Amino acid sequence: MTYTLWEIARHINAELHGDPKCEIKNIGTLEHATSGEISFLSNNRYTHFLESTKASAVILKAEHLDSCPVHALVMDDPYLGYANVARLLYPDVIAEPGVHIKADIHSTAEIHSTAHIGPYVSIGSNTKIAANVYIGPGCVIGDGITVGTNSRLIANVVLCDGVEIGERGILHPGVVIGADGFGIANDNGKWLKIPQVGSVIIGNDVEIGANTSIDRGALGNTIIDDGVKIDNQVQIGHNVHIGEHTAIAGCVGIAGSTKIGKRCMIGGAAGISGHLEIVDDVIIMAMTGVANSIRKPGIYASGVPAMEAKIWRKNIATYRHLYTLSSRVNKLEKK
Amino acid sequence: MTYTLWEIARHINAELHGDPKCEIKNIGTLEHATSGEISFLSNNRYTHFLESTKASAVILKAEHLDSCPVHALVMDDPYLGYANVARLLYPDVIAEPGVHIKADIHSTAEIHSTAHIGPYVSIGSNTKIAANVYIGPGCVIGDGITVGTNSRLIANVVLCDGVEIGERGILHPGVVIGADGFGIANDNGKWLKIPQVGSVIIGNDVEIGANTSIDRGALGNTIIDDGVKIDNQVQIGHNVHIGEHTAIAGCVGIAGSTKIGKRCMIGGAAGISGHLEIVDDVIIMAMTGVANSIRKPGIYASGVPAMEAKIWRKNIATYRHLYTLSSRVNKLEKK
Amino acid sequence: MTYTLWEIARHINAELHGDPKCEIKNIGTLEHATSGEISFLSNNRYTHFLESTKASAVILKAEHLDSCPVHALVMDDPYLGYANVARLLYPDVIAEPGVHIKADIHSTAEIHSTAHIGPYVSIGSNTKIAANVYIGPGCVIGDGITVGTNSRLIANVVLCDGVEIGERGILHPGVVIGADGFGIANDNGKWLKIPQVGSVIIGNDVEIGANTSIDRGALGNTIIDDGVKIDNQVQIGHNVHIGEHTAIAGCVGIAGSTKIGKRCMIGGAAGISGHLEIVDDVIIMAMTGVANSIRKPGIYASGVPAMEAKIWRKNIATYRHLYTLSSRVNKLEKK
């Protein structure tokens, strides 16, 4: 598919500087784009690639217009512009409707005629698959499940009994929704498993990354609200509630019964303890450990950045008895 | 299934305060339970929900009896009481025995007549599946494996050649048991793979969470003893040995050849280095890094809790040269 | 298979001390090896097992020769010796060629006649599977993929459309290659998905551990160079580039667009932020957070090792206002 720069400018609401008839077929990075491709500049780390770019046009902020050697589309948020151009140039491919002859569908399951069910998919009793849903090879869909319109389960996704997936969801390979939560009680030194009788309710427009797991509730449900975006290898415990439009980066772990607000951003490999409450609009930086509720919007962190190992070793040696350092300073001050 | 409060009190060994004939059908949280449901109070964070609960009865400690507006079952450990009521009200569902017509079973595999084998399961040569085992859709069971009585592999679980699963095990979707450990030797700047010829031996009553992986031994076996409970997204390296009744929360990583004792509790996202020994009854808090053996029972930690980012930045700046702070205090003290 | 000690010494290029005709059938650990088995000593933690070993022979450094009670093979790197003996004694098993009757292969896919395709594998259009490739049960291979000679996908591996796997690769169960990267742009408080139109290119001799995920590029490709070894549960974001012969331990997360050099070693559960550059020959210790580019070879760390919880609590209390401690010392010094 090809668009003129004028069509693209109008689509992403940018100010056009250059030839409106220039034809754009693809997107490329500033560094590697060639003729017929549009690029963008939003991260200042890449500004030095601008002057030598071979792209036909670049989406950028007004402040970079003068340094741009090619056609330009100016807007406040070039990254959003890039997103919208990418969605224009690379629309979703619609899969052929129909149930693969090598799928195993329970007689009571309701599969919409426009849905695509791939090979080696199994679908349990009383499960409802809505219009235009894509279920790729090897997915295991249990009993009593609903999958909403236009949702896509790419491959080898497991939905356990009773879970609900909203509309336009995207579940990447290896995702597991609705496995039992980690519910155990100690009985004289042995662990007793507690039946996990809640479910998982996932709203609309939720994307869930590869090999991420979201446990079913112990009692009541685990809830992921509309517009939440979750990266790969994330673990979400039972009865967690994630508010609308919160984004969670890779390798994050969220322990049971924690409630996270709307529009939060959780950095990679952060860990959040159980039974906490985190209000709306909280940003948690990568590798942060959250052990207490956060009641005020803002940015929080606790990660320790890398240093040369010989410095690190000396710092750790001091850190091991940091509290004594504090009391030594106390004493000195009293003198 | 419905039980009277009297039956429940007797089952969980609690002191009944209220109507013994009150009928209980379900369990609910203090906040959301309704008539016909029993609830429990064990975490003090939720005490404020007690006075307005709509549950028919609450399991609680003696100290909360006076504040309870409904029938009560008093015991020292209400969480254990809840666990036992849940097991009473929600017993395991027994799957229909038989091998699904769309499963692929090697001619030398022995499948007990009471076992359930789902669709798209493959089972290799000389593998033995015991009585009442449940193997859900998409599981891959290699050669020479044994799965003990009453164990359940939910879906898309992979057991590699030769691994042994005990009785009453539960393996959640995406679990991988017996993949090769990370055994490589450096040969002039290139890595040489070392064949991993040990196996994985998993005892009885072990539960393993979604997308968790346990590697086979390099030489000798990786061993998970009876009663161990492992949450989701956990990584256990080759030749690790986990002692009886140890519980491991989500996202933990345990490197090769480490030996962990009995009845340990390992918090979420903790990391444990290789070749260590951790004695019995050790508690490791969430996000702790364990770099040395632990030879004394007790509680250990190293996680840094979140703080506001502007404070964090200043602390990190000081931390980067913490050892100099220590020597500066030394000097001041000498004066 | 049995070899004489003389054959083994020659194979691993070691100096033989003892009976050249001694027959070796297996490898065992110093602690557990028995007659007919060879062992090795490379980690000093295990030196105390040497004097009582029941192995027929031990591979060790010259410095341990005098303490060795049995035949010895002396060399500078006994671990490399062990690796080479293991490869000699336990060669790869070659699977029977052919496509399983219960596999689903697109008519345009090209499967080499020597390849093994297991049950419940699906292979998409225009995909090319080279000679001697092993694709185990439940793997999902999309469209337009190439898998190079002698590569092995053990079970339930997912390759998304267009990815390229080199020769002699090993992909363990649950691996996901080429899922969409975490590309989202904020549009007035809602997240807009950005199509991920790059791919993943994996070189030769790459091993990838269980449940690891490597995302496809947003624009351009994610690239894993020859000889890279990746452990389990690792997350590699879109457009990451990993240089030749770099080794990455379990539970590591690498965020998007980061470039890692050759021959690096990344310890378990380390986290590396996005858009960074790490030069060749960098060692990053376990649980380190890398927030900035590393431009100098060397060893880097930031993990905090476990301490007793009561000490930890006091240290954290001081750490929370560490910057004030620094300024208090400043003041004292000025007096």
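Assorted remarks:
Letters A, B and C mark the chains as written, and numbering starts fresh at 1 in each.
Going forward, contacts are C-beta pairs under 8 Å (C-beta built on N, C-alpha and C of every residue); 3 or more make two chains touch, one makes a residue touch a chain.
All figures in this text were calculated on a predicted structure; none of them were measured in a lab.
Although subunit B and subunit C carry the same sequence, what matters here is overlap: shared residue numbers make up under half of all numbers found at their interface. Simply put, subunit A must spin 120° to overlay its Cα atoms on subunit C, rounded in steps of 5. Centres computed as Cα averages put subunit B at a distance of 25 Å from subunit C.
Residue positions of subunit C with contacts to 2 or more other chains are 102, 120, 138, 156, 174, 211, 233, 251, 269, 303-305, 307, 319, 322, 325, 329, 332.
Those residues of subunit B that touch subunit A in the complex are listed here as 27-29, 32, 43, 45, 77, 79-80, 82-84, 86-87, 89-90, 100, 102, 118-120, 136-138, 154-156, 170, 172-174, 205, 207, 209-211, 227, 229, 231-233, 245, 247, 249-251, 263, 268-269, 286-287, 303-310, 312-313, 316, 319-323, 325-326, 329, 332-333.
The part of subunit B that touches subunit C in the complex is made up of residues 102, 104, 120, 122, 138, 140, 142, 156, 158, 160, 174, 176, 179-180, 182-187, 189-195, 197, 211-213, 215, 219-220, 233, 235, 237, 251, 253, 255, 269, 271, 273, 275, 283-285, 288-292, 294, 298-305, 307, 311, 314-315, 317-319, 322, 325, 328-329, 332.
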